[in-house]
């Protein structure tokens, strides 16, 4: 199992938080780094996309998004019925797990890169596409029966949210500019990517540390969920990727996307759309457990699954 | 007409602002990026300058600055008489257009670079020199007849303002250190320049979007002014550059300098020196219209003018 | 005497502060840059360390730290008896000078690099080790006789303080990841180092300028101390380094470490542990005098001393 | 006293940063003519909020207005947000120079 | 109450960030012995100010002083800035521990 | 007035940023149930503090509580910090909606 040093930065941040270090990364640095990462991922995907006929992506995209909806649809009853979480909380957590984590995706790409494995560049398109639908579904699950949901503002909140705007904007710019057009920007957006990711993970570690308290209160059920859900999602993604004929790298990335839980777009949207849901639960699970779980355990497992099932399915 | 991808970042920012995205770039990031760009431009110019005998620049510098003063001297009566703007507003807008925009200059340099064209490195010296005089002139125009203008504080405001300090400081450091001395800093100040410029343009797009409302109120006259003024200024700069015997690249950059309108040094200085002028008008025109106009239309036009008139004049 | 251009950025910041420029570098940028520098220095040291058997460092480390304690032990009576500073102030200033300045170390490394000289990579380990003990000693000196010092919180304050966490964390990550593991991060942590240092020095210049007023009040004794103390410390470090058999570069870096005065960890710790000490005195001397003195005069002197005494001792 | 001062109400609201756009929309809809926002962190019934990222950041909104508007703002925010969001509101008297600027 | 509290005035000024250096100079000239500044954004008669860049940023200045100084500060700022700048000022009572620190 | 308002105390403390963790620990120990912090700069008896780096940065802490707690906080901070640190504290009345939230 090869070793990915950026994860050590997450561990350092976590440790600093746990020993109550006075190390604090200012909130604006978090903002600036997340803008950088979203834009860089979008650009990279866009450049790759410029080499492909976009039309061939429509069908796989529909399949990828359609199958992904199984995740919140399964997670919701598990949490609501089995876990006895209130409807709002179950729906909100389900939305987080149905949506995707950009940073987990970045670490997985980086993992592939350091192994020298390739993957379809258009996986970023799926990343952008997967962000929204689970959130909408989550709101619908929370609001079932209620008729007063104001969908307009919600859709605006997510579609005009910074993660979609930057991912989609980056995709478009990369696609329009192409490999040669983007080259003068490579020194910032590609060469610095991994170092910036390391910084961001340091911050994520600090943030995750401050969420550990929430988790203790959340109970064992959510803890188990936060590890079994990504494994199941990862398997679903790997199988879907194999059936769609992706490369091993692409299969592994789709597994990671399905397995990952959102903590940028989903928390902000659910906070407004389903205010009665407790954000400590959803963010605690997604960021406190699933995120580090995927970094340490998940990504190698999805890669292993991909190598095992690729070609077989 | 070759294509400059950094402009797409401006468009993305503008779009994000218009659809009221929650994408916000923190003010401190704006500050940090503008410090970086000013310093990097100064350094680059200083390194170029270290290859030239500075004395030979005195005469062209005097001509470049002298001719540039025609811009506010023409703009003021046009706005005051024809446009019926109050004296203070006309003078303030004239000062913005007489001064220069560092980012427009950076995009023009980048445009030249991606075409493989060269330009005199000491154009940066003119950039620094052109910042101040039009502001002083603008204040004098606004205060005509009044005798209570406190020039000391105003001169201090601009001369010790961050854009002059960083440009001039960068020039001096670059000049003292020379090519070899600066080399260890190239990885930050030169390699990252274009990517940072892209980021800054994203922010400028967001800021410009928030100024569009001001423009609607400003009326058609100012709108027309904000496009015709740069074209006239650009032509004046191209002619001046040709007569001074600059290269095609240098001619085009001087056109861009004359055409561009300040939105860093001028707004801050005019706000204090001519408080009765409405900043929404000057900033709205300079940033909302002239800046994007120069990016999209102006720069290619000044380049075309430079190629046409170079050698002929 | 070769010329180190990063120092010019310090001079520019100092000048901008003195002429009361409106150039301000936001506090969060200072924070972000200091995090970057600490982490990068740690990583670099860790990578170097991964090439060495760590056990061989234990003895030299003990000597280096032990001898360094002479600095506060000498500085304290000099300040208290000769300089007639109150006990608390004398102890606090002694602690600052016994501890070390990360940025001075970085400039010295950069000075070596631009001369093409090598140095033992594990000097960074000494940097991390030297941060704490002098602070503890300083508190003990201030509290002599008192029995109510709460050592637990103080040790936590420094050990879990950001400079130790980032230096030690970086060392550990670099050591675990090794040369190959860190390579993908080189583009950020090593290539950008010098440019970031230049930026940081610009800020330090601005901060130092705002401390010059404190100095005028502090009097001639402290002024002299702030220049003679580093020279003596530097000589002590050079001699110690020679006796320990370090290379010329290593000897010079140890001289610089001994000569430098802390202004990150020490001020924060002393403010809490010895509140009756006046921070204007200690920070004014360390940052207003000793820091620029070491940059301009000290570093070349310690290098010269190292070349003279190396091999002779 | 040469400049005449008039009493108005200063309403201060501290809440989750995620609410900013919604709060501004509410205030605008109520006809408020001005407000001031600063970034904040803190702690309360909803636990510590350290502003390390947006999800744990607070804002502090200030609003000078007349008594009727203060009451209306308090009611609206109470109704819309108190049940589910971290929010604290308090009202003090403040003397202003241009009372008509803070009335409606 | 064990610690004796005395009433002083708290003057709060919200204005364009570009004025900071000038305001501080004014206050110093008036003999003010302390002030506190925070960064702010907001909206008012001069339109929305989102602090995305310096030209649209506000500051919030606080000043504890005695009544005479409060009046003098209000007059000076009113005279120098109200006509042309975005500025709001309000004065409240505040109890302090060391009244002499906030007098003059 | 439809919503009933009750008077509580608003304690505002302005001090060196280095004290933040200690102040929060003190408040927690005193049983305070909430507070709000913003970053600040300023000037006072300890000279100008421009927030260019942490050593010269201030914070502004706000605390809604009942009168007894306000007095206790004032005493504790006065005793622990006034002698050696840059610190200013003032107390005002503030009307709140949920008095029990700010009592103890």
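Letters A, B, C, D, E and F mark the chains in the order given here, with residues in each chain numbered from 1 onward.
One rule holds for everything that comes next: a residue touches a chain if its C-beta (ideal position, glycine included) is under 8 Å from a C-beta of that chain, and two chains touch if they have at least 3 such contacts.
The shown structure was predicted, so the numbers you read here are calculated from the model rather than taken from an experiment.
Under the touch definition stated at the top, chain A and chain C share these contacting partners: B.
Fitting chain A to chain B on C-alpha positions gives a rotation angle of 120 degrees, to the nearest 5. Among the other chains, F has the CA centre that is most remote from the centre of chain B.
Chain geometry summary: the mean Cα position of chain A and that of chain D are 35 Å apart.
Centroids of chain B and chain F (each the mean of its C-alpha atoms) stand 46 Å apart.
In whole angstrom, the spacing between the mean C-alpha positions of chain D and chain F is 19. In whole angstrom, the spacing between the mean C-alpha positions of chain B and chain C is 41.
Within chain A, residues 22, 24-25, 28, 31, 192, 268 each touch two or more of the remaining chains. Counting partner chains per residue, chain E has residues 38-39, 92 touching two or more of them.
Judged by the touch criterion defined above, the protein chains form a pattern that is neither an open path, a ring nor a star, and not fully connected either. Pairs of chains that satisfy the touch definition comprise A-B, A-C, A-D, B-C, B-E, C-F, D-E, D-F, E-F. The touching residues of chain C, counted against chain B in their complex, run 3, 5-6, 8-9, 12, 15-16, 19-26, 28-29, 110, 113-114, 191-192, 194-196, 198-199, 202.
Of all residues in chain C, only 28, 31-32, 35-36, 39, 156-157, 160-162, 165-166, 169, 172-173, 176-177, 181-182, 184-185, 187-189, 192, 268 touch chain A in the complex they form.
On chain F, the positions that touch chain D within their shared complex are 1-3, 5, 8, 10, 24, 33-39, 62, 64, 92-97, 101. For chain E in complex with chain B, the touching residues are 16, 18-19, 22, 39, 47-48, 50-57, 81, 83-85. Looking at the complex, you find that chain D touches chain F at residues 12, 14, 38-45, 58, 60, 71, 74-75, 78, 82, 88-92.
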